[in-house]
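Quick heads-up: structures coming right below.
After this come two complexes, each holding chain A, first together with chain B and then together with chain C.
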Partner chain A sequence: MSELFAAALFVFVLVTAVTTALLRDVLAVVVVFAAYSLGMALFYAFLLAPDVAMTEAAIGAGVTTLLLLLTLTKTNRTRPDRWIEGVDLPALAVFAALLIVLVVTLLNSIPAVGDPGAAWNNPGVTQYYIENAYDDTGVENAVTAVLAGYRGFDTFGEAVVVFAAGISSLIVLRQVVFTRE
Partner chain B sequence: MSDATGGDETGVENWRVSPDTNGRSAYVESQIIMTTVQVVTPFSLTYGLFLMFHGADSPGGSFQGGAVMAATVLMIAFAFGVAPTRDWLRNRTVVALAAGGVAAFAAVGLVPVLFGDSFLAHPRFESVFGIDTKWGLEAIEVAGVAPIVAGVLVGLFFLIAAGMNPDDQTPEARPDGGGHDPERADEGTDTETVSGGDRP
Partner chain C sequence: MIPGLSGDFVTQVFLLVAAGFMLLAVAMFYRAIVGPTTQDRVLAVNVLGTNTVIVLALLAVGLGEQSLVDIALVYALLNFLMAVAISKFTVERGDVL
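Take a look at the complex of A and B:
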């Protein structure tokens, strides 16, 4: 049952991703891209990463879509003569061949989901977090313990980057916004 | 690709979603949307607050909580109009949220430095003040990251939405460089109803 669900989700995400690339109408692209983000959010939840799933749902499917729609209402939208972008068939064939070669040669080296012997499973680090996060920080969600505790300096840098990006946009475009203050 | 650009010359006609073609503002006052948003807003705001305050003990966290709270404000703006929402949440508030978040984050991180430990060394709170290490992490989440995310997202939204109503914008900044059709005269009255509508 869950394999069926995962397969359906995978097909959905793949179809929406390809559709996003191929559609010519910008509004349709924004709508399909939101559906893609929603599919990815479900995928993350299915892969037991609820924190990432919530972020994807709120930012990817929600806020980004709204911002893109707002931008569309302020710009010209050209009515396309056809719905689908033209595809360069020889280039597509070369890319598909390359992709098939890569997948066939590399598929075996991708670890299974949750495989304890996988290369990413660095016991010196991850196992330490899993075993000691609660005792060290008193926080039950190990993700929060890592983000705000063990790697708090990283988070500080990220927060400052978000702040700097937002403030820079405000300053660059302040003439439009701050006239109402 | 090359044949597609050739087709653009002949087959393309421009049309706008913006006020200019249909002669009304992009904001549409809808009873259905306003009622739905009125019902949904308390729940989504509570959910955002829950994610933020309970992120230490359950999935979620301040980033997600801040994003959900910002999305609530965006929803209110979509239902009741951007201009009234921006008058309600002034630019100053939004910038203060983001700047205050960075300042609070840095302040929490600098307290252990005062006592000779490294930046963001939360266990210092326990040995010096007797405060659980947990509250150092919570302070960063609630006072630092969440306000930054919420403030920046709402600020970006107001920024992009600015100029949605004609009186927000100088004529040069309009997409078509100024009024040319008689319908533009109607927009002044539309703006009145927008800013005179129900405030959230």
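Take a look at the complex of A and C:
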């Protein structure tokens, strides 16, 4: 039964994604994109990643739509000349062929769901962090040690991205909301 | 082991109903594609949001993962936000919040 559910979910996400890409009316795209986000949240929930699904629910259903609408108020929404975007079929065929080759060649290197031999289940790595985290970084919490010590540059990059996103949101919001008379 | 594949009969029924609701979602999305007005699309996506809450609740039982109910609650709380925002956007142009 879970295969049937996954298949229906696949169809839904595919249809919403294609519609988001093809519709001409910008406001309609904002609405349809919210439906796509619903499908992705269900996907994360189905793959048993409730934290990611929760984030997608909060961001996709609420914040993204608001931000896109705020952007629309600052730009022009031109009356669409036609219903859907024209598709360049030869380019589409080339891209699809490329994508299929990539997916088929790379699919085998992804470990199966719940594969006990996958990298996450390597006890040596876990044991190393548990034994050496304090001596290496001086941080008592092992999770914090990995986040801010072993992969500190990675976390730093994430912080930069979040900071930049926050600043740009504030710029948009300040012009639309806070400078109102 | 993939969760849900080896459950008992009731679990399978829950997953089957969830799959049925998912197929319904595809049918509901027809209105969001053809429109013709933005209001039609907003209503369609709103119904899809309610549908998502139902599917999440069914999955919570079918997969035995109680935390999915929390996500369903978040969706139920936030689902109306887009409708309100777009309604304000179309009525008084330039006012979203």
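The rule is simple: the second predicted complex is superposed on the first by the 113 of 181 C-alpha atoms of A that agree within 3 Å, B and C clash if a C-alpha of one lies under 4 Å from a C-alpha of the other, contacts with A are read in each partner's own complex, and residues count from 1 in each chain.
Criterion: a residue touches a chain if its C-beta (ideal position, glycine included) is under 8 Å from a C-beta of that chain, and two chains touch if they have at least 3 such contacts.
Small disclaimer: the values here were computed from a predicted structure and weren't measured.
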Notebook entry, point to check: Who does A:54 touch here: chain B (first), chain C (second), both, or neither?
Noted result: both
Next item on the list: Scan A:113 for contacts with chain B and chain C and give back first, second, both or neither.
Entry: second
Next item on the list: Look at A:66 in the shared chain and tell me whether it touches chain B only, chain C only, both, or neither; answer first, second, both or neither.
Entry: both
Check: Of the partners chain B and chain C, which touch A:140 in the superposed model: first, second, both, neither?
Finding: first
Notebook entry, point to check: Regarding the shared-chain residue A:170, is it in contact with chain B (first), chain C (second), both, or neither?
Noted result: first
Next item on the list: In the overlay, answer first, second, both or neither for which of chain B and chain C A:93 touches.
Entry: neither
Checklist line | chain C versus chain B, contacts on chain A by residue | finding: B
Next item on the list: Answer with first, second, both or neither: which of chain B and chain C does A:19 touch in the superposed model?
Entry: second
Check: Is A:34 in contact with chain B, with chain C, with both, or with neither (first, second, both, neither)?
Finding: second
Next item on the list: Identify the overlap between the chain B-contacting and the chain C-contacting residues of chain A.
Entry: 27, 50, 54, 58, 62, 66, 70, 72-73, 176-177
Next item on the list: Would you pull the chain C residues touching chain A in the complex into a rising list?
Entry: 1-5, 12-13, 15-16, 18-19, 22-23, 25-26, 29, 32-33, 35, 38, 41-42, 44-45, 48-49, 52, 55-56, 59, 62-63, 65, 67-68, 70-71, 74-75, 78-79, 81-82, 85-86, 89, 93-97
Margin query: With touch defined as at the start, can you tell me which chain B residues reach chain A in the complex?
Written below: 1-4, 7-8, 10-18, 26, 51, 55-61, 63-64, 67-68, 70-71, 74, 78, 86-87, 90-92, 95, 98-99, 101-102, 105-106, 109, 119-120, 122-123, 132-134, 136-137, 140-141, 144-145, 148-149, 151-153, 155-164, 168-169, 173, 175
Note to self: Which residues of chain A touch chain C once you look at their complex with the stated criterion?
What the structure shows: 1-2, 4-5, 7-9, 11-12, 15-16, 19, 23, 25, 27-28, 30-32, 34-35, 38-39, 41-42, 45-46, 48, 50, 53-54, 57-58, 61-62, 65-66, 69-70, 72-73, 113-114, 176-177
Checklist line | chain A residues touching chain B - in the complex, by the definition given at the top | finding: 24, 27, 50-51, 54-55, 58-59, 62-63, 66-67, 70-82, 85-86, 88, 136-141, 143-145, 147-149, 152-153, 155-156, 159-160, 162-163, 165-167, 169-170, 173, 176-181
